[in-house]
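Worksheet for the structure shown next.
Chain IDs A, B, C and D follow the sequence of writing; residue 1 opens each chain.
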């Protein structure tokens, strides 16, 4: 079989993938976590295409979420954590948007959001947990009654029932399943057969992919079928869950990608400062998103020197001794 | 002999001393990561440090800057995901101690990491729960790191993100949370415990050079100081391990 | 650190592991599936120690289950499937025991049982599904009211509720969580640090292990820490879920173990015939269980020639061209 | 020219012809495994064969003798587990066709694989549901393999393990099963379909050499034969692939 023949209908450009699957108002779930494996190249393309009114559903997100919010793409947000680790304990544009009442938001916890994706992946309407009993996560509903009527929004934040398997008082929280329109992921490997292999932590990527109507995957490498099928215990998703594949080396920059490159501390520090200032942030978007014509332009802008500095030790998975201040 | 050490170092050491061999330690970012790693390297070599992102027992040759840091995936016994991690925190078979940080804490050890002011249009918005609410619900005990300031130690939280002892007494158990609760609060001034019965916060240790009065003045509610004793400062060996092995790049120790 | 020092308190003999963790009346969950990775060596030791009144909880089980039932160790059974593939579409001693009213049994489906283990692993009291709506699995309760009061038995087989997130009629089945006393597994690798690595399909082993109070693992090999930690993406369970470790090469025979050896068609065919006849079955137990003093005796009885025939091709994972009639 | 072929071969070919490119095919043991593999090798190269145990798209160079067979783990795109497998069967994004076998079937395609006689003290006990009940609940369509005998095609099942069209009409949908249902029944005598409206079984194809009357006599309920046509026998090519590529060891073909 000719190389890539099995995935020829899924291989496309960033532009085509976003155009085909993401619309104004889409509910989008973001892969990765805070400063690792954020689908940044896809995020930038969403911004470039001027997509509006996105409903983002995520657990802990940093860079991709913050840039999307800052660029005005996001109308509605269900989230557990908006931060970039030590580089921005609270994401700046996220913070500003909530403080200024610019987005509708609903707070959950990380486990709650992950379980909601799991429920969506298992095709069950809700999933029980005891997490959050007594907390204000169960006292405040962020979304209004009007928002609750809209597509892809749960009819209520949660429900509480008595455990029917015991006669003792036992409150159980039921969380509504999530089934986003599109999940966007950046991963290390896609096989020529379409199989996905994520190296290192998978976060909730697999549940997010399986819960979605469509899945767009960007990857560092497309590898031979013979390689990816030799040890299938390591693989993460079968081909039939993935709808679009784009090869984008360094597609998670400035966030990291285990085994390939570290997060970019200089960029993340620079971003935190710039994001505080509306004018500077606008300039940042021009410089790093709107004026970028191709991904090669982007890589050149990061610069060969930095790319090499960020390169991960192939055994340890990160850039040993990288200056991370 | 008197040693120089930073607030973060004293806090990491104070918290690390709570960890026992065999404990499963849930670490967050910053000083919490420092404390977890220090605990394993100094006091409890058989403790296991793990992260909500799914990285279990990483080698931590370099200190991670986020719970998703690539360094959390290196040399682990298992790279899994969030659902796996949180099911470990709550596993009845395991004694799990969690390190958390917060913007506000009340006298029952309940935490706010969500926002200050009106929830819907806050004066200051923070990151949100992340895994804190889950961990506070499920772990065998929570140790919280705080900057000791009046505006942070408050009578009433603006938002209760993570449940400690809830309203005191047995109110936490009555919620349906079968174990856990606030074990200690470690600040830049001292270490607070919680009364076994009332579950109210009390001053357990004040750091060398810090007066009880300073702590009272920086606490936004009345705090029992009758059981207070001076904390044992970090030893030379503790500091050496912390600086040379736990955080050789001095990313967190210095603060 | 000295070799195996990290697991020295967990490393023990089959005899010690069974003695320490399995009692008369214990609720036991069996790892593996029909004719693969059944914990046979442990099963034989349970029989030798004369353990009685076991409450077995499993999804699809063949050889280990059938021998345990035939040896009179089982009082109570929750199960989805009792069979050994083409070698015994219905397990013989299982069939006899039910037809003769010798065991209490409760039927579930494979997904239902797996989800019940998942709920136990996640520490939630129940889990929703739509599987089984309209079927007799939801019409017949196998256990009596008296049995329902006993420890580790759910207060009812299932519950049915209206999905609280929709106003349309939407029935959802709630399945009670399982938390067995002990899960017994046979796996390929245990690291010197206690980490477990299962190769090939994991079935529901991981959920079963995490749902149990105690876990006993037999393994083909104990491998260096440096090996098992080099690619932790491949590992299955962290050390702290495992309470006893026994190295038993070919410990799953006559069932198979991916990458190590195939199932033994000759033995399985012989067993099917013998299991039909009470006298012959008794003799089989004497010969293959009671009279076996050490695992080396067992291996000698299987015979070197057969062990070599069964040896798996290390790349393909099974014994290529094995006569499987 | 007339070819010799076994019942299992005719059944595998008849069932395999239902599979379309892109279908995700759930296979059990025996003839169902033969049919699934044949479908992929002959009619629908882009179909994916997978197993409830979690093996997805194995190379199947040798035919598995159980759904847990090591051959189900070899050359796959993913080795996962039961929960993964069943969540695939029910995934709304996928068109999944399942092959099942049964001891009894009724005119609405409901199946019994549990027991004959009193459930609590049965005359004959079978293996039980396994994944059949789940698959019947979730797949886009079910094709069932049966020996065509009066005692197996019954008016009323002794135990309803796996739901087909339930009580006919839209009763399946009303249960809350949002898709799927019995697509066809493939026996050693012919192929049955289900009426689009009533969901009652009808005779669709009788095999060469089998009379409609024989089929009626071996069916324990009245069956509509007005739409019956003779089945197309396996071609030489189909048989060659089946024997040489799908089941080179002739473990199932011969029967």
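Note that in this section a residue touches a chain if its C-beta (ideal position, glycine included) is under 8 Å from a C-beta of that chain, and two chains touch if they have at least 3 such contacts.
Bear in mind the structure is a predicted one, so any value in this text is a computation, not a measurement.
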Between A-B and A-D, more C-beta pairs in contact link A-B
Separation of the C-alpha centres, subunit A versus subunit C, in whole Å, is 38
Note: subunit D sits from subunit B at a C-alpha centroid distance in Å of 57
Distance in whole angstrom between the CA centres of subunit A and subunit B is 28
Separation of the C-alpha centres, subunit A versus subunit D, in whole Å, is 40
In subunit B, the residues touching two or more other chains are 73, 75, 79, 83, 90, 138
Subunit A touches at least 2 other chains through residues 122-123, 130, 170, 172, 200, 233
Among line, ring, star, complete and other, the chain contact graph is other
Chain pairs that touch, by label, are A-B, A-C, A-D, B-C, C-D
Within the complex, subunit D is touched by subunit A residues 121-123, 191, 193-195, 210, 213, 228-229, 232-233, 235-241
Per the touch rule, the subunit C residues reaching subunit D in their complex are 32-36, 59-60, 62, 79-87, 89-91, 94-95, 98-99, 101, 107-112, 114-115, 118, 130-137, 139-140, 142, 169-172, 200-207, 256, 258, 262-263, 265, 312, 316-318, 320-321, 324-325
Per the touch rule above, subunit B residues touching subunit A in the complex are 29-30, 52-55, 61-62, 64-75, 79-83, 86, 90, 114-115, 119-134, 136-138, 159-163, 166, 172, 175-177, 249, 251
The residues of subunit D that touch subunit A in their complex are 24, 48, 56-57, 59, 73, 75-79, 83, 87-88, 90-94, 138
Interface with subunit C, subunit A side, in the complex: residues 122-130, 154-156, 159, 161, 163-167, 170, 172, 174, 176, 199-200, 230-231, 233-234, 315
